[in-house]
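What follows is a short report on a single structure.
By written order: A, B, C and D. Residues from 1 in each chain.
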Amino acid sequence: MKKLTLAAIVSLGLMGGSALAASAWTGGDDLPTNPLACDGTPAAAVAKPFDGGMPTNPPDRKGKKITVVDVPKLIGIGYFNATSKGIAEAAAELGNVDAKTDGPTKANIDEQITFIDNYITSGVDGILFAANDPVAIAPVLKKALEKGINVVGYDANSTPEARQWFVNQAEFNGIAKALVDNMAKEAGEDAGVAIVTSTFTTPNQARWIAEMGAYAAQCHPKMKWLETVEAQEDNNLSFNQATTLINKYGDDLKGIFGMTSVATPASAEAVTQAGKCGKIAIVGLATPNAMKPYVEKDCVKSVVLWNPVDLGYAAMMVLRAVADGTLQPGATSVKAGKLGDLQVINGSEILLGSPYTFTRENIGQFDF
Amino acid sequence: MSSAALSPGRSNLRRFLTGYGQEIVVLLSIAALFAVVGAVSPRFLSDTNINSIFAGNAYIAIAAIGMSMIIMAGHIDVSVGALIGVIATIAGTLAVKGYPVWMAWSVPILFAIAVNAGVGTLVAYTRIPSIVVTLGMLSILKGGLISATQGEWITNMPAEFMIAQMRPFGIPSAVWFMVALTFIAAVFLRYTDFGRAVYAVGGNMEAARAAGINPERTVIGVFALHGLFAGIAGILFATQLQVIQSTVPPNLELTVITASVIGGVSILGGAGTVIGSTLAAILFACIGSALIFLNVSAYWLRAVLGLMILATVLADMARRRRAR
Amino acid sequence: MTGAQPKLLRHETVLAALTMIAMAVLASLSDKFFTADNLLNQGRLMAEVGLISLAMTFVIVTGGIDLSVGSILGLTAILLGVFWKNLGLPLPAAIVLATVCGTFAGFVNGLIITRFGVPPLIATLATLALYRGLAEGISEARSVRGYPEWFFFFGQGEVLGVPFQLWVLGLATAAAAVILGLTPFGRATYAIGANEVAARFSGIRVNAVKLWIYTASGFCAALAAVIFVSRVTTTRSDMGTGLELDAITAVVLGGTSIFGGRGTIIGTALGLVLIQALKNGLALSGVKGDGAIVVIGLVLIGAILVGALFDRNRGG
Amino acid sequence: MQAEQMSAAAASDVALPIALAGISKSFAGIRVVNDVSFDMRPGEVHALMGENGAGKSTLIKIMAGLHQPDSGEIMVSGKAVRFASPREAHAAGIATVHQELLLFPELTVAENIFIGQTPKTALGAIDWTAMRRRARQLLDELDSGDLDIDQKVIHLSVGNRQRIEIARALAQDARVLIMDEPTAALAEHDVQRLMSIVRSLRKRGVAIVYVSHRMPEIFALADRVTVLRDGHLVGTRPVPEVDEPALVSMMVGRSIDRLYPAKQGKDGDVMLELAGVCHRGAVRDISFQLRRGEILGLAGLVGSGRTETALTIFGVTPATAGRILIDGKPVTIASPGQARDLGIAYVPEDRAHQGLIRPQTIEDNIALANLGRLTRGFFVDAAKVAAEARGAIARFGIRARGPGQPVRQLSGGNQQKVVLAKWLATNPRILIMDEPTRGIDVGAKAEIHQLMRKLAGEGMAILMISSELPEVLGMSDRVLVMNGGRIAGEFDKAHATAEAVGTVMTRSYARERAA
């Protein structure tokens, strides 16, 4: 038993040690942040020259039927089902596009690269992607460009020169502002808040968390950041993590941010099952279908998200425009079917619009 | 062979300690964890937190019961995570499509039993190692699930379907299931011929055959039983939340296997108890929760968990060496 | 070995035939499949799993298993980045030092297994969590990017028109085949897997051999990490997740007995090629990723089943 | 040839617990048992003899229900039966004590006795209380009251395990008990104990099929003896009517005159010397000298420290104190590899587990201890390996298809020769042989004895450990007796009698058991 006791002491000591080393604020990346002004005045747009890449000797695809493959971060989650739906919708509307979605079953950079590589070989005309890692995906995308394939990103960007255009659902600082403002409104200016995210390595989430911290420091300085926990893209883990946070902080916890479309409904479920509806605010990114029960029960007041169906739709429209040659470097806007004209920002990005806030009143109108 | 082990007059306590060594180690670890974390953060000991630790991880403990039997019988199943994902999806789909709730519960369980009985048949009669068959099964179930659902989430399940959220006598039903199934499995393994045959086949297959046990049928039976437990785990998993993801829960099989092994089931077969595996599953759940309570930096969480597993394993090894 | 060889190679023959048939079918399904370009490119993609599978073959032949290789890959990748960027070491030094650390991680596995007598499955299950945890903790989830251009040669460069890592994999395969098949060390590896006690009683330094093998497993994972980082130009702590199962699948498909004592590098190489060909060929023929996973599962069970039936028909 | 036997059997058919008539069985086209008839009378000990491969094992497996005969008839109490499984044989009252002791190491003594036929409560659950009580009772009847019924079998000695198997047979109310080489792995004391158990079983009317190679036991115990050779029945005789040479010639088809060859030449210089060598509690303060050309016998009970001493010399469990000298020079031996390089070879007691890699071929096994020598550059020289194996097959008369045959397909004697060949190929100067002829038939046994004598004559120093007292006395030039981890006595050839050696071996038995 002596060794056992020793082992127990060592492990507990280690836990204690790490506890001391813990910092309250985790989860963000270390890139520079660019928080928006508190009152929402848009920052002066800095005109930037086109910094995307160009395919080498693409064949003339104008008006011709093209094959397009969509490789999202992973398949089998509600969010990318919705983007895939939008892509299919746009393809059907255009009539001259043959589009399909295929990708890894877990958000794994290596597998995603392999998928894209295979589709390059099979000879598609266009690739749509949502990158698991902006840098890791770059070489294979550059290879696609070299083979004359049109490459357009959405949702999660790569380095600019590795793709032609990127459809940006909403700027990081915009999302951050919407989330933090909603939280301050629902939970109070001095609320203690925690974050449930996927993993610390997921670029978009890490970026949002960094921007949220920066924005809150500037505009809601009294907000207390309690903790960030990882929960993969796993429903049950997210639920368990959120529950533990609720149990740990008790009444000190006034709000939970859900950073993924998995974490937000699971956190809402945790609050519901803990009987804390109305005492703990849930603000986060999520798809409306998963959130309807909680919004209708008034447990969740607002869900922030762009419309992912629109995002997929826009990405497909942009790709068609690029293939047809109607979208050229230097353009300031692009026509995107039913979405109308979309604005070009940051040189080679196309902005979908501001993030949308679903509430009890409007959530019934959406089905994705 | 220690002298005490041979003397017929040794005390019952000592026999108990040597017989259930690993279970006691795990139990003590849980107690130590509660004492230390409770001292640092009293909220850890609140009944709501303890309830959620148990309820949120009961399905892992239940799956580990079946896995323990498989390992005791000298086999292994690396596809159990995928199977649970498939069961959850079938159950959710049936419930949403309006089938009666008893069907939504029982059909997926029967499916799990059938699938695993098939795996068991293959393992028993072709002598292909179970790790190979279940590695293949893992691929088939995982790929098949995604092909069939395309990852469409299942929502809007009827309230009466959500068995895991019911709270008879104020305690979550998942906890009732965990306790009851562990008890039933323990009694079953101890007091039935089939239960003893599991140990016999895992300990010495040829001896089992000579003792009049049919090893093939036992292996198939164990796999089918494992299917039953995985099925129940899958139903609890499906009904815990309002959303079923329709995918394979990541790394679930590793968690389940680790729980069985840390709970004292010998990876070589023939020894172990389901009480140990349930305790180990609870220990993991407690560690997961305790690390958050202790403010262990989330970055280092997994490293600490790995270190603790390693410490448990080494302590067990030291204990066994002394017992020898 | 002469006497046993035909028997040992029987599974490999079945597998080779299967691979050939699969190649032919896939080539007929898609004209893009059987092109030099595609095949070379597939070689590039399978280099990391391939390197790990080679060492895994040794590990499994001794009757062990190493589940921590994916985590060692992740840890090595992170250390490479941290040594270079955060500690400011020159990149070549960082590469060497990170590789040494990865190798050391394998050595630690070996120590836990040989010194403390922990079953390999359990030991590496623990270090699977530990090494990945260290990678996450050390990196604090930050990626390291911006490596100099010359570094990308390992993962993206070509020598004589063939991807650099394919040369590495080819050389490593040849070396592994020679070591396992023709040297005293290889004999010792088989002997340990078939009967560890008898091997020890025959004067084989069992613990030393095992320690070498687990260390080599760490080294291969570290090497794969360098190639991986060079190929994807960034380091992340989640690199290599799940790689262990891919490697084990290839080795087992290659006919290595999970109980130890039997298996060849040729078999592993064939297993690797078959899996990669299926993944790639099916994708090119328009089968989606999830369909390919199902096919690989069926092929794994089927190939082992056929091999087992062959064995049964031969032996009484 | 056994006409009268057959008619006698037919006459009292009804009373016979089991009778086999004209049994044949083939495996993969090879006829292993050919038209064999065999019967048992209640309360008799019937010895079944024959060289390895004679068909004894197959015959008893047929009786035990593990194999089904291709032709022939099995009668139990006068009724023709066909056992589809061991369970049916059990039900018919036929139980087996297997040579390899088919027990479950992780289960308790009580459960091992009753597995497959556990007592049940009214509810159909296993009645552990009744089971433990009856286990206690059975073991007491077997004069084994010292066994703890709650002990896991993994902690028990071979002799104790065997008693559990016998208890298991009794628990089945067996009327026929088949004992397959029950004394092969037993030390002298346990053999005596077993024989008294067999006698008491006979008194209770149990018919015992007793398979053994050991002549003294046959003559001490058996009422009748049946001899098989190459799958055929050679004959069944009442024991008082036969003598040892007659049985041997029935078994091997020729007569073997000298079982223990005489010493050739003289002892040389001291080659191996141990001075105060210890290993934990198992080996205590061992000192002795071993000379060139000498066969030194190491006698003692199982657990007396004989094998442990050998393992210490061979570096498996390195010495914790004391000195080992070779040619007068002190050496450190920390691993079997080092021992081998110092010219020590060890033929271990457990052939299947420690001696051979059974799935591998003869040449692989022989090469394993000689890898350093059989290489060219970095590589194993396949030609040299094969040549080495062919040489060994010829030199030791190993009956095999060729160097590429897996050793698990060989008979026990031939397997032992492969182990010997492996170690002699290392050119040892000191050869330690632990139970060199355990489980080996008479013919092969004599060959191995001849070989040992020849090697000693060539100047090799041999340390022989054996549980068979006749072997120790017959082969050794000098006998050391171990007891409780120490050397308890030393006898030269002239003074080494069974009584003297036996007394020292068992002298402080009670104390050792308490330890």
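One rule holds in what follows: a contact is a pair of C-beta atoms (placed from the backbone, for glycine too) under 8 Å apart; a residue touches a chain by one contact, two chains touch by 3 or more.
Computed from a prediction, not measured in an experiment: that's the story for all the values here.
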(request) Any chance you could name the chains that touch chain A and chain B both? (result) C
(request) Could you see whether B-C or A-C has the larger number of C-beta contact pairs? (result) B-C
(message) Just the number, please: Cα centre separation of chain B and chain C in whole Å.
(response) 30
(request) Just give me the whole-number Å value for how far the CA centre of chain A lies from that of chain D. (result) 72
(message) Could you work out how far the Cα centre of chain A sits from that of chain C, in whole Å?
(response) 34
(request) Take the average of all CA coordinates in chain C, do the same for chain D, and state the distance between these two points in whole angstrom. (result) 44
(message) Going by the contact rule already set, what residues in chain C reach two or more other chains?
(response) 136, 140-141, 288-290, 293
(request) Give the residues of chain D that touch two or more other chains, as numbers and ranges in rising order. (result) none
(request) Hunt down the residues of chain B that sit against at least two other chains at once, touch-wise. (result) 142, 146, 297, 299-301, 304, 307, 314
(message) Based on which chains touch which, is the overall arrangement a line, ring, star, complete graph, or other?
(response) other
(request) Spell out all pairs of chains that touch, sorted by label. (result) A-B, A-C, B-C, B-D, C-D
(message) Which stretch or stretches of chain A touch chain C in the complex?
(response) 26-27, 29-30, 75, 100, 102-106, 108-111, 113-115, 117-119, 121-123, 133, 135-139, 199-201, 203, 206
(request) Please name which positions on chain B make contact with chain A in the complex. (result) 25, 28-29, 32, 36, 40-41, 43-44, 46, 48-49, 52, 56-57, 59, 142, 146, 149-153, 155-156, 165, 237, 240-250, 285, 288-301, 304, 307-308, 311-312, 314-315, 318-319
(message) Under the stated contact criterion, what part of chain B meets chain D in this complex?
(response) 1, 3, 5-8, 10, 15, 187, 190-193, 196, 199-200, 203-204, 206-214, 266, 270-271
(request) Could you pull out which chain C residues touch chain A in their complex? (result) 30, 32, 35, 37-38, 41, 45, 48, 136, 140-143, 145, 152, 156, 228, 231-234, 236-242, 279-280, 283-284, 286, 288-290, 293
(request) Within their complex, state which residues of chain D touch chain C. (result) 27-28, 314, 316, 335-337, 339-341, 346, 348, 353-364, 367-369, 371-372, 375, 378-380, 382, 385-386, 402-406, 422, 426
